[in-house]
Amino acid sequence: MVKKLLLLLLFSFTLLFGNEEGGEEFVKKEYHPKTLVELVASFWETTGIKAIIDVNDDEVAIDPAGEEKKLGAFESSVGRIIMIGIVFLLFYLAIAKGFEPLLLIPIAFGGLLANIPLAHMTGPDGMLGIIYNMGIANEFFPLLIFMGVGAMTDFGPLLANPKTALLGGAAQFGIFGSLIGAVALGFDLQDASAISIIGGADGPTSIFIANKLAPDMLGAIAVAAYSYMALVPVIQPPIMKALTTEEERKIKMGVQRHVHKMEKLLFPLIVLLLSILILPESTPLIGAFAFGNFVKESGVVERLSNTMQNALINIVTIFLGLGVGSKLAADKFLVLESLGIMIIGLIAFGIGTAAGVLMAKLMNKFSKEPINPLIGAAGVSAVPMAARVVSKVGAEARPGNILLMHAMGPNVAGVIGSAVAAGVLLSIFK
Amino acid sequence: MVKKLLLLLLFSFTLLFGNEEGGEEFVKKEYHPKTLVELVASFWETTGIKAIIDVNDDEVAIDPAGEEKKLGAFESSVGRIIMIGIVFLLFYLAIAKGFEPLLLIPIAFGGLLANIPLAHMTGPDGMLGIIYNMGIANEFFPLLIFMGVGAMTDFGPLLANPKTALLGGAAQFGIFGSLIGAVALGFDLQDASAISIIGGADGPTSIFIANKLAPDMLGAIAVAAYSYMALVPVIQPPIMKALTTEEERKIKMGVQRHVHKMEKLLFPLIVLLLSILILPESTPLIGAFAFGNFVKESGVVERLSNTMQNALINIVTIFLGLGVGSKLAADKFLVLESLGIMIIGLIAFGIGTAAGVLMAKLMNKFSKEPINPLIGAAGVSAVPMAARVVSKVGAEARPGNILLMHAMGPNVAGVIGSAVAAGVLLSIFK
Amino acid sequence: MVKKLLLLLLFSFTLLFGNEEGGEEFVKKEYHPKTLVELVASFWETTGIKAIIDVNDDEVAIDPAGEEKKLGAFESSVGRIIMIGIVFLLFYLAIAKGFEPLLLIPIAFGGLLANIPLAHMTGPDGMLGIIYNMGIANEFFPLLIFMGVGAMTDFGPLLANPKTALLGGAAQFGIFGSLIGAVALGFDLQDASAISIIGGADGPTSIFIANKLAPDMLGAIAVAAYSYMALVPVIQPPIMKALTTEEERKIKMGVQRHVHKMEKLLFPLIVLLLSILILPESTPLIGAFAFGNFVKESGVVERLSNTMQNALINIVTIFLGLGVGSKLAADKFLVLESLGIMIIGLIAFGIGTAAGVLMAKLMNKFSKEPINPLIGAAGVSAVPMAARVVSKVGAEARPGNILLMHAMGPNVAGVIGSAVAAGVLLSIFK
Amino acid sequence: MEEVNLIFEATKFAILGMGTVFIFLLIMVYVLNIQAKIVGKFFPDKKKEEPTKQIKDDKKIVAVITGAIMAYKRGN
Amino acid sequence: MEEVNLIFEATKFAILGMGTVFIFLLIMVYVLNIQAKIVGKFFPDKKKEEPTKQIKDDKKIVAVITGAIMAYKRGN
Amino acid sequence: MEEVNLIFEATKFAILGMGTVFIFLLIMVYVLNIQAKIVGKFFPDKKKEEPTKQIKDDKKIVAVITGAIMAYKRGN
């Protein structure tokens, strides 16, 4: 028996010294006999109650890169409780209010897991850390989401009336307005740029940029982006009504022309070629988006298109949410910056909406066909919710006036506009 | 032509010296002309027949971490043939007898591939090794499975009658009884702990723990866990009948109360918060499980819930099975330990079943509403098979007495109980 | 405010020095104020128009392994435009002509993305590079595709008439004929071997082998393989008609015998055991294929089989295509070799078809039951298109003569034959 | 490290382990009972859905056809 | 690095950014308008599908049944 | 390394390769023929299913409807 134990020990040693390359480094710790009281006492040391009651300054947080950081007394006690409160608020918003639940539920749950004391789930060997390193640190997951969104998007309304794309451009004032605001609040230029993309109202774009320019603020930026996208029906209508007259809101728009299959097929290629020529920096985002859309519009690879729109985007959404949620750990999220980010995000949405509406008013003045200024608000993207809000506000002014398809043009153009704006910011800090 | 060949050679050199960082290190070996006879002879050296007939001591096995291990004559010949026999037995059990085929088929096939001479499929560049490093070495796949199982589990029956959860606790005597047994058989404390989790009758939990405490025995532990889970309808009924009287088995249980949606929604959060407070060590398992269940019960992200229950869990099941199967290589599996593991697993199931039934008898004595002691057997988990077995044995005693939903309470509580027990063992060896 | 900025700076430094292990290395570059003109000028430097108009010799390409390579003036300008032309040709063939769109669309789009200047999408941090390192560099994706193909393949027709498997052997003359041809064209033996597998008419096998023997030619080989597989209905009929008489093409074949479920279940195991005994080198390919087929034929794990045939194979197809497409970068593809590869691929298909038909003529002479020589052409594999072409040519000669199921035997045997041939070539260069 | 010692150690593990399992589950049972009361008070059940079952079944038939159409469209 | 400076910098970013966004979208609008004309010329719409709608609907019913059968087979 | 040499080498590869392919397939054909006989002996076909085809078709209709319901439920 002793011999066998020795052999086992030896075998463990072999394992120990041989596994340098693999993911797994197996070390069997020596076990020292303990009395039952000692055992219970050492167990008590590992409980979460102990960690919360008896705060000490020794606790460390490990990030996905394996970097250890000493936690302060606040971060390891009250901070965590506040974060769990925020997580429950997000659950409430997602479930009871229907605010972007597809992402807010995984993000919030990831935040819950990230705030568990002693479990180190955000470390390189923890579930959240593994996910983070798999697809957030390298920006792979946001691109896959963008590919799926591309496969779900119908650019028909935009192609039917291309000039509405300019409304999707005007709404990007939300990005650059909030950039100036963020700098005024004290953020440096790079952080301010990362934050300002919230105004683009595209989750994957925000995550992609935050990761490149300010990864430490990823959690707050993603939460702000998705929260405000969810708040579109609350934020936009008052601004839309304040900037338009009753008469303008009643404007009827003509029936859209039929768009040929070939136009839809070529569209993603045109956008991609333009972005190659003008802004190669935006091509990862626009490339992934165009690929998804091209696969869909080709019409010959239905099974790939379906997979992008379902199994693949769903799997990636689960992982993206959990991975982003790992940045809701108290020590990352409970900083003054997060408050600033939330405020700037709100301003960005307001500016974007206003700029879109004002641009639409301008275009209505010079256009042969009438343009209802409301559709400018859809330019912020937040596809397709902003377009639905436009349609609702339009129908309030004149029942039966269906603006939905007209609003979809600026709406999808807003996605492209934000990707271009993102590319410009990236090229500046390259 | 010569110049071109030189250029090609040069290019190959560039590739050779440049690829240090990537997964691929491409080296073109120099080729020396051979006669046809030499060619056939050197081909003969690479055949499997040669490897089996002409056993030499030079063969090495490579594990997923890249560690080479010299194989003995037994391991590289008869050992492999025995393993292939075991694989075919598992195929037979899975296909003809319907024993947990979802995992036993991929595990057994992985075992078949792992025992192929010269192919090194378990090495870091082989299919099984790639899979192992992707999600077994870091315990990611078992957690994803647990997430999917969470999304499939309905805790309604447990919530209708919470005290039946205690039966899921009693069944964990199976774990700790077999821990003592394993130590008695000569395993050290850490190995014994890894083995004893088989008694928890949860595949992912067993794999998760085995990987942390005794990765070299992962194959045998996983095979034992799934085999015995499959054998539940054979192992449990005699024990259940021996410990109960005919009268007890005939006990009718009342109709379960209606459970409110809100209770189901809060349940995964309550369990997670409890595990955070009492046992942070169990939070990866319980966290993944609670996330899956919460996503399901939220009712607002049906597409994520469906993906967890279908595409994602199926993909991970295929990979988990193949990866675990890689540990059925003769040199890993054909050790005396495996026999011990099999015996202990059987004992564990027996103890767990018995403890559950006895606890139920005790509760029946003190409870206002009658409790049929059979439902205690479902506490071992093995969801939902153990609950079905309870229902069947109950119906044998009194036709028409449907215990299924009453047994589901202890059944799902058994999953939580095992995760808690697993957390305790992990905290000891931390 | 200044203090806060300093703190932020400090925090960035911490991040900078701590992240050595993770995927992410975050460095905040110092920003120097610029005038608007300078800003526009530096932006102009990052545009694609500039990169194309003002070609300089400084541009580098980064491969997935992180290796930098200086691009020549041709590769970074005209070369890219030519490649984009080729990509559009592939789009045209895939969409308008229906040529293997499932792979040609992702491959071509990957090629488009790979040729974007300055975006470095094929580098280790770019989308294509991430995908390449994830599953192409280690040959994981082709194996998963093979697994899915195995789960889709019905070996019933082969089992009904096993000797038709020999036709799938004869067609491998296409591989070895083109091997000799490639050597004659000036390729070295190893490159020639990689190229010759195109003649096997199996995409995953070609990619698997190209990756092992000549990764720098992967793009051209994959494109050639899938293009010619798509061209089967154009290439094969004239050869089939030239080598057979009208009478031969009119030969009727008897009704196939019923194949027992058990034969189908054992078949993948038999093929795998044979490949273990004769050719362990082919076991990754045949093992993955056999696993998929066994899972399907077991009949007890429908959900795994469905996942292999749908979600999993679709996801992997998207990634495989994009990853292979990354090898269509101008500097990799626009070499004289690619032209040679295209020519040899065409010859290989011709030889394979001819050899299959001639072998079938021979077998017809000696067989008791009549064998229509056309079915030999299906031996090249290209499942199931080659079998459909056989059936069509047969029906032209004698309307109502349905050869489809008879052609499926050689067709699926061709997959095995190519995997064996691939194994032989691998064993030579091991 | 003698054998008897190890069994003794394992027994201590068992006591700690079963103790923790039961404490965990007892607290859980207690919390769930409280939750049931609170939820029962604040979210009374709406049981009036029963009579509309007939209509629901008709809807189901429509839904089945819709589902099949969708399945067909998806498949093509 | 004074604060005013930073806001000035950010404003320059905004000018560059909005400029690029509008240039991009203006070129896109222009190209799409040209494309619409070219496509309209080379791929005239086939609008004669309307009258065959009745037949298509009948086909749809067959397709639904086929789809359901396929779904069933796949599911088993 | 002269050119002729390489072609000669490639030819030897071809002989080895085609030889292996044919040996592999010949053994496979042989084993499959044996298997067919053994399976035929131990697992005789149950051919009495034919007359029940009518019933099976009826079942199929039920199954189609069930399948569609399931598809619908899954989709929602």
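For reference, chains read A, B, C, D, E and F in written order, and residue numbers begin at 1 within each chain.
Note that in this section a residue touches a chain if its C-beta (ideal position, glycine included) is under 8 Å from a C-beta of that chain, and two chains touch if they have at least 3 such contacts.
Because the structure is a prediction, the values reported are computed rather than measured.
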| item | value |
| --- | --- |
| From chain B, the most remote chain by mean C-alpha position | E |
| Pair joined by more contacting C-beta pairs (A-D or C-F) | C-F |
| Inter-centroid spacing, chain E versus chain B (mean Cα positions, whole Å) | 46 |
| Chain B and chain C, separation of their C-alpha mean positions in angstrom | 35 |
| Computed distance of Cα centres, chain F from chain D, in Å | 43 |
| Chain C and chain E, separation of their C-alpha mean positions in angstrom | 30 |
| Shared interface positions of chain C, touching two or more other chains | 1, 5, 31, 39, 43, 186, 188-189, 278-279, 306, 311, 424, 428 |
| For chain D, residues contacting two or more additional chains | 3, 9, 13, 16, 20, 65, 68, 71, 76 |
| Touching residues (chain side chain B, partner chain C) in the complex | 1, 4-5, 8, 11, 14-15, 18-24, 26, 28-29, 31, 39, 43, 46-49, 51-52, 91, 94-95, 98, 101-102, 105-106, 109, 112-113, 116-119, 121, 125-127, 130, 310-311, 314-315, 317-318, 322 |
| Complex contacts: residues of chain C adjacent to chain F | 158-159, 162-163, 165-166, 168-169, 172-173, 175-177, 179-180, 182-184, 186, 188-189, 192-193, 258, 260, 262-263, 266-267, 270-271, 274-275, 278-279, 413, 416-417, 420-421, 423-425, 428 |
| In the complex with chain E, residue positions of chain C that touch it | 1, 5, 31, 33-36, 39-40, 43, 302, 306 |
| Complex interface listing, chain A residues touching chain C | 63-67, 69, 124, 133, 137-140, 143, 186, 188-191, 211, 215-216, 265, 272, 276-281, 283-284, 287-288, 291, 294-295, 298-301, 303-304, 306-308, 311-312, 336, 424, 427-430 |
| Footprint of chain C on chain F - complex, ascending | 3, 6-7, 9-11, 13-14, 16-18, 20-29, 31-33, 35-36, 39-40, 43, 45 |
